[in-house]
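What follows are several structures.
Two complexes are shown next, each including subunit A; its partner changes from subunit B in the first to subunit C in the second.
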Partner chain A sequence: MTARAERAAPVRTRFPFPRRGAVRLTFGLGMLMLVLFAFVPAVAVIVVSFTDLRGLTYVPTLWVGIENYLDFFSPARAADNWNALRNTMVFAIVGTVLQMGFALAISLLLNRPLRGRNFFRAVVFMPTILGVTVGGLIWSLIFNPAGGPMQSLLHAVGTQSAFFGDPRIALGLVIFVHVWMQVGISVVIFLAGLQAIPAELQEVASIDGASAWQRFRNVTFPLLAPSLTANVLMGVVNAMHSYQLTYVLAGPSNRSTQVLSLLVYVQAFGGESGTSLSQSQGYAAAIATLQFVLVGVIALATLFYLRRREARL
Partner chain B sequence: MSGFTRRQILTAGLGLTAAGVATSTAACSSGGANSDSSAEDPSGELSIMVSSANASDSAFEQVNKDFQEKFPDVTVKFTTVPNDTYEASLSSRLTAKNVDIFVAKSMSIPPSYAEGSEEDSVRLALAGGMLELTDQAFIERFDSSVLETITLEDKLFVVPTGLSYTTGLYYNKDIFEAGGLEVPTTYAELQEVLSSLKDAGTTPFGIGGKESWPAGLYMLAAVEGLFPSADAKADLAEKLWSNEVKLTDPDLVEILKRVDLAYQNAQDNFAGASYDAVPGGFASGDFAMIADGTWNQPVVDAAVDGAFEYGYFPTPMGDDAASNDHLTGKVELMLGVATDAPNQGAALAWLDFFSEKETYTSFIETAGYSSAQPDIEQSEFLESIAAYTEEFSTPWSHYWFANNKAGQDAAFPFNYPGVKPLGSGTPEQAADAAQKAWGGAF
Partner chain C sequence: MTMTGSSRRAQTSRTDGEDGLAALPPPSSAAPRPRRRRRRAPVGAYICLVLLAAVFLLPLLFLLNTALKSDADFLADPVGIVTEPRLQNFVDAWVQGHFGSYILNSIVYTLGGAGIGTVITMLVGFPVARGYIAGGRIWPIVFALLLFLPNSLITQFQLLLRLGLYDSRLGYVLMVAVGVGVGPLLFTGFVKSLPIELDEAAAIDGCGYGRYLVSFALPLCRPALTTIFILQAVWIWNEIILATVLLADQEKFPITVGLFAFKGAYSNQWGLLAAATMIVAVPLVVGYIFIQRYLVNGVLGAVKG
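Showing the complex of A and B:
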């Protein structure tokens, strides 16, 4: 074989393990789990959206065609749906922007040689470990209108608030707690990205006389673009799916904080107490399917935009 | 490697996975029927699930303890679930066949004009998911007039635990006496009392608005005051379903205006206050009155702890005294047995034990319920309101069947969550939103 032919031939790397069986088995099991617990339920949700399933034994389930979708788009539900859609979009956009902003600032700070850096990194990540219920409980107590610490603070400056009971600020407070809980994950991803940037590049920029801002704008930020893409995408998808925190902080019936996922929950599991409304998992499945399309379109559009931006940077 | 062939590894892997899935599935389902257990000689594990309330939870726990003393071969597994998640939990446990006795939310069949609006428990019972109790001997211990209100197609599927009154106000007698105030009997008198209390620097009402439904008690009282008879309420419900009246009609907007009066006279930031915190505020003298059901009287009593005398009177939302001379009530937690109950024998034995006079008397005393059985001694508090409860009448929620195709603003259908500060509108705007959510469903 000539040298040219050797160069043109595809490079065949040797399989690094003695047998392929174990790899196939582990990957196969992983795929099986994914299909069983993710793909099958996802398809089942679409099928269920064409039924009147109520999730009660003995009660028959009937095929209702597109009735659930027609109900969703009926004038009677327009106010509920627009309200939930608006809240979802505000939650996703504002939540993600704030999360990225804070996470970037914190990770830049924690990437510097600080005393107690690891401790601060742990502190920033701690809210993520606490989980929704504990985090929600903490902030419910802090924002308790009957004598919570935040109310005492407001009293000291001559004002007061109903916090999650005030429709004007309830969503903003939920977003704040959401960012507090999620920022740790974004910081970890940004820190990983920052540590992958070669120190020589920063040094060269410094020698060339670049200011701190110029180094950040022209060196750090472009090389951090893949981390930003991953973070934004995860942030948007997470924010659009999130309902647990809203439920814990403001309850299932609070219109000012009701997001699409919460609407699905209330419909599917009868979360609205005090009414004679029955649960309807078929209708909830229809909302979930529409939400899936919405999240999919937004996630893909975001990914497309960020990838193009990465290439430009 | 001398070991296994690829086929063997794959087969073993798939076998392990299948075994794991099967084990998990089995672990999630029933523990199996107790074939030796019977109503006469119960044994094994008995699972009871109820929607949670402090007083009734304690009462059930005492019954369970006494039952286990009488039948030591039975272990009662008692679960309380918050109201908001009760339906979902019940659905899961019925499917898994691991609950014997549970609380059914409603036992009312909607009239023909609201066909299809049955609640899930009614659908479950009519579909055969609940054991028929009509011929059980313990049923005879209950008041026939109460049983009548929870009978489905001449069949009984539940046992009533008691009755509660929902449209009254607890009031601090010391504050009233200090201000020289009388119990108001008309809407005009109520307005005067509220005005006097405010002038004296006292907050009239305490409301737990975070959960929304406590504010709905004022809505129920307002409907009762303006449509006091059973016929008037039934007629209103039918006319709403047939769209002969609209939620924006002035006499219906008036309901929300009267709810708004309560909101205007409630504690600051009540929209964010929790229902559980309200009895404590009442006990501390933070407000003079709270709208609450008689089911919560043991909690209120414990909070007040003898610091002052308190009373209970119908919320006077009607214009004349005759409209406000009674309390409306509901049948409290209704207990049914699942058809697929793993321990049906023990379940029937428990219901029999529960309805025995001694057990039942102790239960309603702790739970704060009025009796659903004749000849049972009532608590001192319930005796004090006997003048308002001579005839058992039911509130608006008994006549109203929500339309599942309507929007959330029309669920009650008087949109009290839409009025400021719970919502963001005036009574007129909230009524308009409700009418859009209602009218669009037809």
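Showing the complex of A and C:
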């Protein structure tokens, strides 16, 4: 084994097996699959965003430069696009903040030596398993304006609501269901962080007369910083990419819950039917690229801020 | 607590070692200590637990309750507990929604996709973890990039269209198979915990790389591979948008798309819709009871690794 590979490899090793052919072949095969079906489409999105590609193969595709991007910001589209952009940001920020808050509270509760806590941990993680379709359908039954249990509850206090049909609360409800579905992952990550905190620190703080709140504020919370970083980052990226739930709950063309990813889908594949292939996929690719840049900038800014915060603690 | 608890403890203490936290005591044994002084049961905490369970379980119980009602019962009293439970909704939903064939499709896609994905993960993850492939530190970054790819629905669709795999089961399986997510990162972390002397000993005995991977690495990595398989399988089972975009023929739809279409067709028959949702949810819940420990441990490992 050469010195170059030895320096670069994470584990310092030389290749013990007689021939390298097998490892090169198997690694190459696996990588080829990932490159062809995952990385090629990802890079191609950026390329396609500069063309007028359509869903039909026999229509010639032309380079159009930055026209798709100009289109995105053109006055005719601006209102819809800013609306989607605003919804995406609200969804990401409010969704992540709520998810972190609830996840922290739940994980602190489930980290205590309570009876049956393993059962409750499993229960909190369950919506993740059920997935967006089942979870979305359950909540659209509950928030059914024509006589779901929520409506009955509101009737009991003398009011009513259109739920996902009401533009003022539709986005809020989607965020609520999103948090309900995603909180379990964050709880598991926080629990991992909590279990790594030595109990001695808590005991010492307790002997020094620190109250429960002071112990949390000055011992637990600072030591949870790495988990918080991982959670916030995953939460933000996840929320900014999330649209399957919005699609199931409120449909593809509900303006009040329209987010960028859903806009990509609607522009490229034509909303509900999913079959009209004449839409401009180049324009949709431009939206996807803009979204990718936005997610990247926000994720890196979040990471930078949280890492600096970790270093300060 | 018996099985789950001990295996979790084993997992955390092992990964702790990698993080340089080996000096810390095992968490589960240390956690109860400060509480021992307090004799009272923490009533407030148990009230919170009950509230928590209500938030996560009541929606499911409501679904079951609705599924057992006739439409007339539901309209008369949507929230009341069912008085005459009837299974007719389940039968009707199963027949009218063609759930038999949808479930079969989903099983094929899930086993195929997650199976291929897990093999890919192993083939690329093992040599990278061992440093058997030139390029060293590039590969972990490549694996991390897999998590942050742009929304590429359009080009995934175009790629399959051009390969002649649009609206084909194979095309969809290949597309979900590469959705390996955290798999490779998780797997390299796990492989690093296996002693490299094993590789060397096998090689000295004349074992080639291919045979080593199948006969030694595969059994040794089974716990990690199980978690990786399950994580991907859950994702594929629940996937809906790619299936909507990449498949056109109703006979090839997985159960998520079938259920969503069912919702469109029977949006006013609550009992029927709830029963259909139950049909999809029950296998997941039952499966979850069995795979729970792999998942929770797996995610724990992914974070620490």
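We take it that the second predicted complex is superposed on the first by the 268 of 313 C-alpha atoms of A that agree within 3 Å, B and C clash if a C-alpha of one lies under 4 Å from a C-alpha of the other, contacts with A are read in each partner's own complex, and residues count from 1 in each chain.
By definition in this document, a residue touches a chain if its C-beta (ideal position, glycine included) is under 8 Å from a C-beta of that chain, and two chains touch if they have at least 3 such contacts.
Remember, predicted model here, so these are calculated numbers, not experimental data.
K.L.:
If you stack the two complexes on chain A, which partner ends up touching A:Asp71: first (subunit B), second (subunit C), both, or neither?
P.N.:
first
K.L.:
Thinking of the overlay built on chain A, is A:Leu29 touched by subunit B (first), by subunit C (second), by both, or by neither?
P.N.:
Touch partners of A:Leu29: subunit B and subunit C.
K.L.:
For A:Ala299, is the partner it touches subunit B (first), subunit C (second), both, or none of the two (neither)?
P.N.:
In the superposed model, A:Ala299 contacts subunit C only, not subunit B.
K.L.:
Thinking of the overlay built on chain A, is A:Arg19 touched by subunit B (first), by subunit C (second), by both, or by neither?
P.N.:
both
K.L.:
Thinking of the overlay built on chain A, is A:Asn87 touched by subunit B (first), by subunit C (second), by both, or by neither?
P.N.:
Neither partner.
K.L.:
Quick check for you: in the superposed arrangement, does A:Thr257 touch first (subunit B), second (subunit C), both or neither?
P.N.:
neither
K.L.:
By the touch definition at the top of the document, which applies to A:Ile46: first (subunit B), second (subunit C), both, or neither?
P.N.:
second
K.L.:
When the two structures are overlaid on chain A, which partner does A:Phe269 contact: first (subunit B), second (subunit C), both, or neither?
P.N.:
both
K.L.:
By residue count, which of the two partners contacts subunit A more extensively, subunit B or subunit C?
P.N.:
C
K.L.:
By the touch definition above, which subunit A residues appear in both interfaces, subunit B in one complex and subunit C in the other?
P.N.:
In the superposed arrangement, which is not itself an observed complex, subunit A uses residues 18-20, 22, 24, 29, 36, 55, 57, 144, 146, 151, 268-269, 274-275 for both subunit B and subunit C.
K.L.:
Can you check the complex and tell me which residues of subunit A touch subunit C?
P.N.:
By the definition above, subunit A touches subunit C via 4-13, 15-20, 22-24, 26-27, 29-31, 33-34, 36-42, 44-46, 48, 53, 55, 57, 106, 109, 111-118, 120-134, 137-142, 144, 146-149, 151-153, 180, 185, 188-189, 191-193, 195-196, 198-200, 202-203, 206, 227, 230, 237, 241, 243-244, 247-248, 261, 264-265, 268-269, 274-275, 281, 284-285, 288-289, 291-292, 295-296, 299.
K.L.:
Which positions of subunit A touch subunit B when the two form their complex?
P.N.:
18-22, 24-25, 28-29, 32, 36, 54-60, 71, 74-80, 143-146, 151, 160-168, 251-256, 268-280
K.L.:
Of all residues in subunit B, which touch subunit A in the complex?
P.N.:
1, 4-6, 9-10, 13, 17, 21, 83-88, 91, 94-95, 97, 106, 117-120, 123-124, 127-129, 209-213, 216, 268-274, 277, 281, 339-340, 397, 400-402, 404-412, 417-418, 421-424, 433, 436-441
K.L.:
Over in the complex, which subunit C residues touch subunit A? Could you list them?
P.N.:
My answer: residues 1, 4-5, 12, 16, 19, 21, 24-25, 27-28, 30-35, 42, 45-46, 48-49, 52-53, 55-57, 59-60, 62-63, 66, 74-75, 78-79, 116, 119-124, 127-137, 140, 145-159, 161-162, 174-175, 177-180, 188, 192, 196, 199-200, 202-204, 206-210, 212-213, 234, 237-238, 240-241, 244-245, 248, 256, 259-260, 263, 268, 270, 273-274, 277, 280-281, 284-285, 287-289, 292, 295-296, 299-300, 303-304.
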